[in-house]
Amino acid sequence: MDFMKRFSLNYGAVIGLLILTLIILMAITAPLLFPGNPWKTVAMPLLRPMQDPSYILGTDMLGRDIAAGIAHGAKVSLLIGVVSTLVAVLIGVTIGALAGFYGGLVDDLLMRFTEFFQIIPAFAMAVVLVAIFSPSFISITLAIAVVSWPSVARLVRAEFLSLRQREFVQAAVVIGQSGPRIILTQILPNAVSPIIVTASLMVATAILTESALSFLGLGDRNTMSWGFMIGAARTMLREAWWMSFFPGLAILLAVLAINLIGEGINDVMNPHLRGRKN
Amino acid sequence: MSTAQAPLLSVDKLTIRLPEGFDRKNAIEDISYDLSAGEILCVVGESGSGKSMTANAIMGLLPGYLKPTGNGIRYRGKNLLTLPEEEKRNLRGRDIAMIFQEPLSALNPLMTVGEQIDEVMLVHGIEDASARSARVLELMEYVGLPDPSTMRHSYPFRLSGGQRQRVVIAMALALEPSILIADEPTTALDVTTQAQILELIKRIQRAKGMGVIFVTHDFGVVADIADRVIVMEKGLVVEQGSADQVLNHPRHPYTQRLIAAVPHRGTERKEGSSTQTGDPAPLLELRNLNKTYRSKEGLFSKPRIVPAVQNISLTLRRGQTLGVVGESGSGKSTLGRLIMKLLDNDGGQILYQGKDIAPLSQSAFRPMRKKIQMIFQDPFASLNPRQTIGRILTDGPLANGVDKATARGRAEQLLARVGLDKSAYVRYPHEFSGGQRQRIGIARALMLDPDILIADESVSALDVSVQEQVLRLLREIQEQLKLGMIFITHDLRIAAQICDQIAVMRQGEVVEMGPPSQIFDAPQHEYTQRLIAAIPGKEWHPEHVIQNLHEESR
Amino acid sequence: MLNFTLQRTGKAFVVIVAVVVLNFLLIKLAPGDPAAILAGEAGSGDPQYVENLRQQFGLDKPVVVQLWNYLSGVLTGDLGFSYRNQVPVLDLILGRLPATLLLTGAALIFSLITGVLFGVLAARHRGSVLDSVITALALLFYATPLFWIALMSVLLFSINLGWLPPFDMETIGAGYTGWRRVLDIAHHMVLPTVTLGLFYTAVYTRLTRASMLEVMSLDFVKTAHAKGVPNSRIIRRHVLRNAVLPVFTFASMQTGQLVGGAILTETVFAWPGIGRLMFDALMQRDYPVLLGVFLITAMVVVVVNFITDLLYRFVDPRIGIS
Amino acid sequence: QDGAASAEITRGGTLNMIVQPEPPMLIVGLNTQGPTLYVAGQIYQSLLTYREDLKPLPQLAKSWTVSEDGLTYTFNLQEGVKWHDGEAFTSKDVVFAAEEFLVDAHPRWRLIREAYVESVTAPDDLTVVFRLKKPFSAFLYGFELSSFPIMPAHLYQGTDYRTNANNTRPIGTGPYKFEDWQRGSYIHLVRNEDYWKEGQPYIDDLYFRVIPDAASRAIAFEQGTVDLLRGGDVEGFTINSLTSLPGVETTTAGWEYFSPQMFLQPNLRLEVFKNKDVRKAVYHALDRDFIVNAIFFGQGKVSTGPFAESMLFHDPNIQQYPYDMELAKKLIADSGVDLSKHPIRLLGLPYGSTWDRMTEYVKQQLEELGFVVSIQAVDAGGWLQAMGNFDFDLAFSFLYQFGHPAQGVSRIYFSDNQVKGTHAGNNGGYENPEVDEMFRKAADAIDEAEAAEAYTKVQQILAEEVPVLWMFDMKNTTIYRDKIRNPVRTAIGLNEPMDEVWIAR
C-alpha cells in the first residue's frame, strides 16, 4: 500500500516501530525469558549491572532482578497506555462528534462540560482520582482516560465542524441519510487520521502519567511497572543508580518510539507535507 | 538602456523537472518567449498547464526542490537563473514585481496595509521614512483606494477583495518596476471588480510603459487586454502570437478547442421551449422566502445580521431551467440551501407540488428529500474520498429503502448515462479527473429520480473545455428527464447558455427576472446593466471564430 | 471590550462553579472519613471524639446541605476552614500561591523563550543538521519523565557539581533583603524552573517549528519574497509574528497543566507551593484545602486564559470584530 | 552538667533541623502527632519528663508525692515560670488542662480521666492535687508533653479551642518562642529570653525545615543545610552512609518512652486467622532478621514479644518464633487448612518506600507459604480508615508504648476495646478474659512486684496465642553534627525542650 511505502521512507518512524516491536516482544515473552514472579528475591541485593552475568541489569535492594522487572513491567506500561487511550478516544470521539455535528445547544453544553475537565490540571486530577478510588490497574487506567479525553473531544469536534461543511456531507444529507449514519459512515472515516495521530501520542503521555503516578506512590501495588521501579528506586538514586536508570530508559525508549511512530503517521497522513519530503 | 527592439525579458528553453511520482515528468518544458517593454503578454491554458510555474520561475520563487534548467531567463542582459540570490532579491520588487491570485492570503494579516506597501521601499534601501510615507499615500491614491490616510492604518481583513487586490497592486508599483507579473489577479473577484482591476492594470501599464505578463485562463480577459498571447498545454507552449492572431485565427487544435469551449451567446435555448412541453402546474413555488443570518448572539454582544434572502418569490415548472445569477455574497447559495432545506428559513413558503415543505422538521422531510437533489460546486470536495463510487451512488437509494441489487443496477445504468465506464463502480474518487467527478456527482443526484435538481456553481471549478462538456450533459439530461432545474452561477455567460429564465440577485433580492435574451439585450435594472457591462471580452465573438474555422475546414 | 469582559466573566463563573460542584461531589465519593483520619492522627480516637469532629466539620449534614454551605461560602470569599491545619483555607492557599505562581510563571516564560527560539532556528534551517539536532533533543525531552529529569539534575548540578541549591525557595535563615534576596531566590529557582520547563520547551519547540513551516508556506510570505524582502526580515516580520500566536494560545491553555507538573517538581525540590499543598491535603483528606486548591487553580487558569485572549485581541487585529 | 562544664558552653548560633512531614499545627493540646510534638516540644512543656530508664524527672513540676494508697498525687510546680506572653504559669493552668481542655481535645487523657480520676484541684498557685478513684500504677507515666500537654488557661478557657485565634501563634512556657512559619518551607523559633531556667537556653534560633523528599533531606544534611536528623527523616540505607561522614554522631537513644513496636495484625474475625496454627505458621514464615537488616538497614531489633525491649516489665523468656519456612509449611499442612481457599489482602503502612519493600517481602513469603495475597493500596488516610473500620485481613501496624504497658500496650488486647474509628485499639478482635484480667490486675497494682508478675504472665499467654505478630522494635537513629552538644538527654529524646543543647564553635 501507498501508506506503507511512504511510512517506510520515514526513518524516524521505522526506528520507532522497531523499538516498539522489541518492547512488545519483550512484554509477550517476559514469562518465558524471566519465568516466575518478578517480585521474588533471586539474588544478593544491590548487585551492580554485569556484576553477575545472570543478572545483567543488576538487582535491587531486595535482590530482585531488574531485567525481569523491566520485562514484566513492559506489559503494564503498554497496557495502561493503550487501554486508557482507547477509553479516552472512545469518550472523546463520542462527545466531539456529537458536539461538532449537531452544533448549537448540544455543542455548547458538551463543550462547557469539556471545559470543566480541561480547566483542572490533568495530572492533579489524575492524582486525586487515583488516590480517591485507591490505586489499581483499573482506577489508574480510568483516571488517565478521564483526564485525557478532552483533547480528543476538541480535536474531533474541530474536525467535525469543518467536515460537516464539506460538500460530500451535505450530499449525504441531501440524499436522505440519517444523522448517526452520516456521522459514522461519512464523517468519522475522514477524521480518522488525525485521531490516530493524537491517539498514538496519547499512549506515550499515558505511559508517562502512569510512571509519574507510580513515582508519587500511586501505582498498582500488585503489578510490576516501570514507574513503580523508578519510584521505589528514587531514594537510592545515589547508592544504586542502575535501579532507576534502566526503567527510566525503558520509559524513555517506549515513549520515544511511540512518538516517532505518531509523527511518522502524521507526516504520511498530513497532505500539507506530502511531496515535500524526499 | 538596451535598444528598443531588444526584449525586456526573454525566457529561453526553460524546463522545470518535477520530482518522481508526479503526473508528468516536467512541469514546464522548453518554454521560450520574449516580453518587450510596454506590452501585455497573456499566458493562457488550462489548470496545471504550467502558467504559474513559469511566472514563479522568473521571480525565482520556486520551492527549493524544483530546479529550473535551460538556456536562461534574461532580464536586461542578466541571467536570472544564475544570478546570486542577493542580487535576485534586489531585482524582485524593484525591477520585477508580482501580483497573486488570492488577494486575502497575499497580505500579511498582522500588518497594516500601509506598512506592507512601505516595506517594499524600506527593503530596497529607501531610508527616508517621510518620503516613503508620502509615497504610500500617493500609491494608494493612484490605485484608487478611498481615503488613503485612514486606510493605510487598516488591516487587510477590513478591506474588500477588490481593495485588497488594489493594495497588492500598489505594493507592486511602489518602485516602478519595469516588469509586472500578474498570476490570475482577478480570478477570485466578482465580474464588476474584475473589470475595474483589469482597467487599472491596463491604465498603469500604459502610463508606465511596463512589460506585463498576465496569467489567466479566461479568454474574455485575454481579448480585453492582451497585446500578445501564449497558449500552454501540459507544460508546453503550443501557440504564441499577437492577440488578434491567436484569438481570431487559432492554429493549434488545442487553442481551437479552448476557444470553442468559451461560453458565449447564440447557443441559448429557444424561448418558450420549456413552457410548451412543461406542466402548467408549478413544480416548485417560492413565496416571500426570507433568510437572515445572525451571528451567534453573545450575552452582551450584539449580533451581526446579514439578510441573505429577502422576500424571494419564484416559480419553477417541470422541464424548465431557472438560472440564478449575481455577485458573490448576493445570496444565491443561501437560496439553494433553503430549497434543499439544508437551512431553515425565517419566513415565507416553499411549495413543492403545492405542499409547503418549509415548516417540516428534518425527519419529516427526509422521505421527501429524494425528490429534490443537488449537484455541488467542488467536484473534489463533494465526493467522500473514503468511499467507492459504487458506495457513493448507492447510499442514497439504500437510505430510501431500495434494495442493494436494484440500487447497483441503477448505478451502473447511470454511470453509462453520464459517460463513465462500468469499472468506475469499484474505484475511488481520487482516481478520476475533475470533469469525471462532476459526472459522478450528477449521477448521484439522478440516482433518486428527483423532480428538482439544484446545481450550485456546478461548473465553476472546471476548466472551460470540461465545463462545456458538463454543461452539455446537464442540458441533455434535463431535456430527457424533464426535471425542473435551478442553476446557480455567477457567470452570466454560462447562465445564458443553459437557462430558460434568469433571476438576477443582489443583496438577497431578485432585482430582475426574465429570459436570457431579455436580460442580455434589454436589461432593465441598473444592476443588471452593470453586470453585463463588466463581462470581459464582449468585443470578441468566439462563436464567429469557430464558425470561421468550420467553414475553413469544410 | 466591556461586553467581552462581562461575557467572559459570566462564562468563567459558570465553569468555575461547575468545577467546584464536580470536585465537591467527587470528593464526597472518596472513601476515608476526614474526621476519623484526623482522630487517628491525633493518637487514637474513640467514637465520641470522631463524632465531635464530624459535627464541627459539618460532616453530619446531608451532602446537598454541605454543598450548599460550601458554595455559598465560596461566593462570599470564604473557602472554608482547614481543621487539620487550624487555618482558614484561603489563608493557607494564598500563603502558598505566590511560590507556585513564581515557579510556573518562570517555567512558562523559560519554556516559551527557549521553545520559540529553538523552533524558529529549526524551521529556518529546516533539513539541516541543526534542525535534526533540535528536533531530536525536543523529542528526547518530550519523552523523558519530568521527575526523572528532576532527580538527575539534582544529582548532577547540586550534588556532584555543587553549583545550584537542590531545594527550598531561598536560603532559610539568611535574612536577605532587597536585591540580595531576589538573587538568592533566582539562584534557587534555576533547577526547578528548568526541570519543570524542559518538557514544555520541547512542546513549544515542536509547535513553533511546525507553525513556522506552516506559515512559511502561506501566500503572503510568497508576496514578501516577491517584494524582495530579505529572508531574515521575512522570518522576523512576517512569519514569526503569525507563527507564535498559536503557540501562545496553546501555552495559555497549558498553564493549568503546568500547575499539575508542579506537584512533582515541588515534591522533589521542596518548593513551598500549592502543588505540594494539594498533594498533602489529598493524602491527609483535608478536603476543604483540596477543593480550595482546585478552585484557585481553576481561577488562575481562567484569568490567564482571559489575559491571553485580551493580548490576542491586541496583537491580532482580526479578532474582536466578528 | 554545671560548674566546670558550663564554663565551656558556647552561646548563640542557629540549629537547623527537619520536620517531616510538615505538622498541620503546633498546638499540642489539639494534635499529638510526631511532627507537632517535635516542634511544639520546644514551645510547650508538661509536668514531667522521663529518664532513659523511664524514671520520672521534673519539668514544670519541681517535685511530687504519691500517697500510700496510691490515690493522691500532689505536684509542686516550678516557681517563676511565665507564658511567652508574660502571664505567670500557675496551677490554674494545670487544672484547666486536666479538667477542661484535654478532656475535650485529647484522646488519651480523656480515657484515663474517665476511668481513674476523681478530681483535680489547686490548693494554691504552685500546687496541684490529683485524686484517683482507684489505684493506677501507670499514672505517673502519663505526664510528658504528648500525654498531658498544658495550654495557657488565660487564652483558651471558655473559647472554642479549635478556632481560637492564638492557634496561629502558639504560646507556651518552653525555652523557645514561636517566631514565624512559612508553610511548606520552614518553622522558625527563637530563644525565649524570659525562660524560667536562668541563662538558658543557649541557642538563638531553631529552624525546622520542610523538605518533602527523603533523598533531598539526606542531601540537606550532607551539605550542612541541616545539622540534625531525627529518626525517620532519612531512609535506612542513607543513615549508614551519613554516619560515616566525618564529624557526624549518631544515637538511638531518646525513644525509650515511646518504644515504637511494629507488628503484623491478623484480623481474628477471619476464619483462617482464628486458627492459632496458621498464625504461628505465618510468624515462622517471616525472616525478621532479613526485614530488619536488608529492608530497614539495621534500623530495628527483632521483637521477642508483646513488650518492646526498652519497656518496663519486658520479659524476654517467652516462646519465640524464629524464621523456619519448613516448620511453617508443616504447621499449615498439619492444620489441614487450604490456604489457597482463603485469599487475603495485605494492608501495608503508607510511610514510604522502606515500608513498601517490607510489604512486598511479606507478600512474597506468604505466597510461598500458600496464601493468595493482594496488596491493599492505601495512603495514610486509607490506612487509618481500613484499620478503624476493621476492614483488613492482615495489616501492618505499630504501637507507641508510652512508657508503661498500662498506657500503651494493653489497649490493643482488651476484649472490650474493640472500638471502631481508631487504629490503636483492639482492632484484630482478640478476646481472652484471662489476658484482660491480668492486664487489669497489673494496672491497678500499687506494688511493683505484683504488677511485674501479672505482666510476665500476660506476656507468656500472648506469646503462646500470637494474636498479633510482633515484628521488631523500631530503632530511630538521631544523626547530628558533633558540634551539637546534648541533643538527646531523656526518654522522650528530641521532644525534650532543648534548654541544655548548645552548639560548639
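Think of it as A, B, C and D in the order they're written, each chain with its own count starting at 1.
FYI, a contact is a pair of C-beta atoms (placed from the backbone, for glycine too) under 8 Å apart; a residue touches a chain by one contact, two chains touch by 3 or more.
These numbers were taken from a predicted model, which means no experiment stands behind them.
*Asks:* With one step meaning two chains touch, work out the least steps from chain B to chain D.
*Replies:* The fewest steps needed to get from chain B to chain D is 2.
*Asks:* Centre to centre, using CA atoms, which chain is the farthest one from chain C?
*Replies:* Between chain C and the rest, the longest centre separation is with B.
*Asks:* For chain A and chain D, let me know how many angstrom lie between their CA-based centres, rounded off.
*Replies:* Distance between chain centres: 45 Å.
*Asks:* Cα centroid separation between chain A and chain B, in whole Å?
*Replies:* Chain A and chain B have C-alpha centres separated by 47 Å.
*Asks:* For chain A and chain C, let me know how many angstrom lie between their CA-based centres, rounded off.
*Replies:* Computed from C-alpha means, the inter-chain centre distance equals 22 Å.
*Asks:* Round to the nearest whole Å and give the separation of the Cα centres of chain C and chain D.
*Replies:* Result: the chain centres lie 39 Å from each other.
*Asks:* Would you give the residues of chain C that are in contact with at least 2 other chains, written as numbers and ranges?
*Replies:* Each of 31, 151, 159, 267, 282-283 in chain C touches at least two other chains.
*Asks:* Please list all residues of chain D that touch 2 or more other chains.
*Replies:* Correct list: 215, 379, 382.
*Asks:* Could you pull out the residues of chain B that touch at least 2 other chains?
*Replies:* none
*Asks:* Can you tell me, using the touch rule above, whether these chains form a line, ring, star, complete graph or other shape?
*Replies:* other
*Asks:* Among all the chains shown, which pairs meet the touch rule set out at the top?
*Replies:* After working through each pair, the chains in contact turn out to be A-B, A-C, A-D, B-C, C-D.
*Asks:* Quick one: in the complex, what on chain C touches chain A?
*Replies:* Those in contact with chain A are residues 14-16, 18-19, 22-23, 26-27, 29-31, 139-140, 142-148, 151, 155, 159, 214, 217, 253, 256-261, 263-264, 267, 275, 278-279, 282-283, 290, 294, 297-298, 301-302.
*Asks:* So in the complex, which bits of chain A are touching chain B?
*Replies:* Those residues of chain A that touch chain B are 166-168, 170-178, 181, 185-186, 189-190, 275-276, 278.
*Asks:* Within the complex, which stretch of chain C touches chain D?
*Replies:* 31-34, 36-37, 39-47, 49-50, 52, 56, 81-87, 92, 95-96, 99, 151, 154, 158-159, 166-169, 172-173, 266-273, 276-277, 280, 282-286
*Asks:* Which residues of chain B touch chain C in the complex?
*Replies:* The touching residues are 59, 61, 89-94, 97-98, 100, 102, 105-111, 119-120, 123-124, 155, 157, 168, 171, 295, 298-301, 304.
*Asks:* Which residues of chain A touch chain C in their complex?
*Replies:* 112, 115-116, 118-125, 127-129, 131-134, 204, 208, 211-212, 215-216, 227, 230, 234, 237-238, 244, 248, 251-252, 255-256, 259-260, 272
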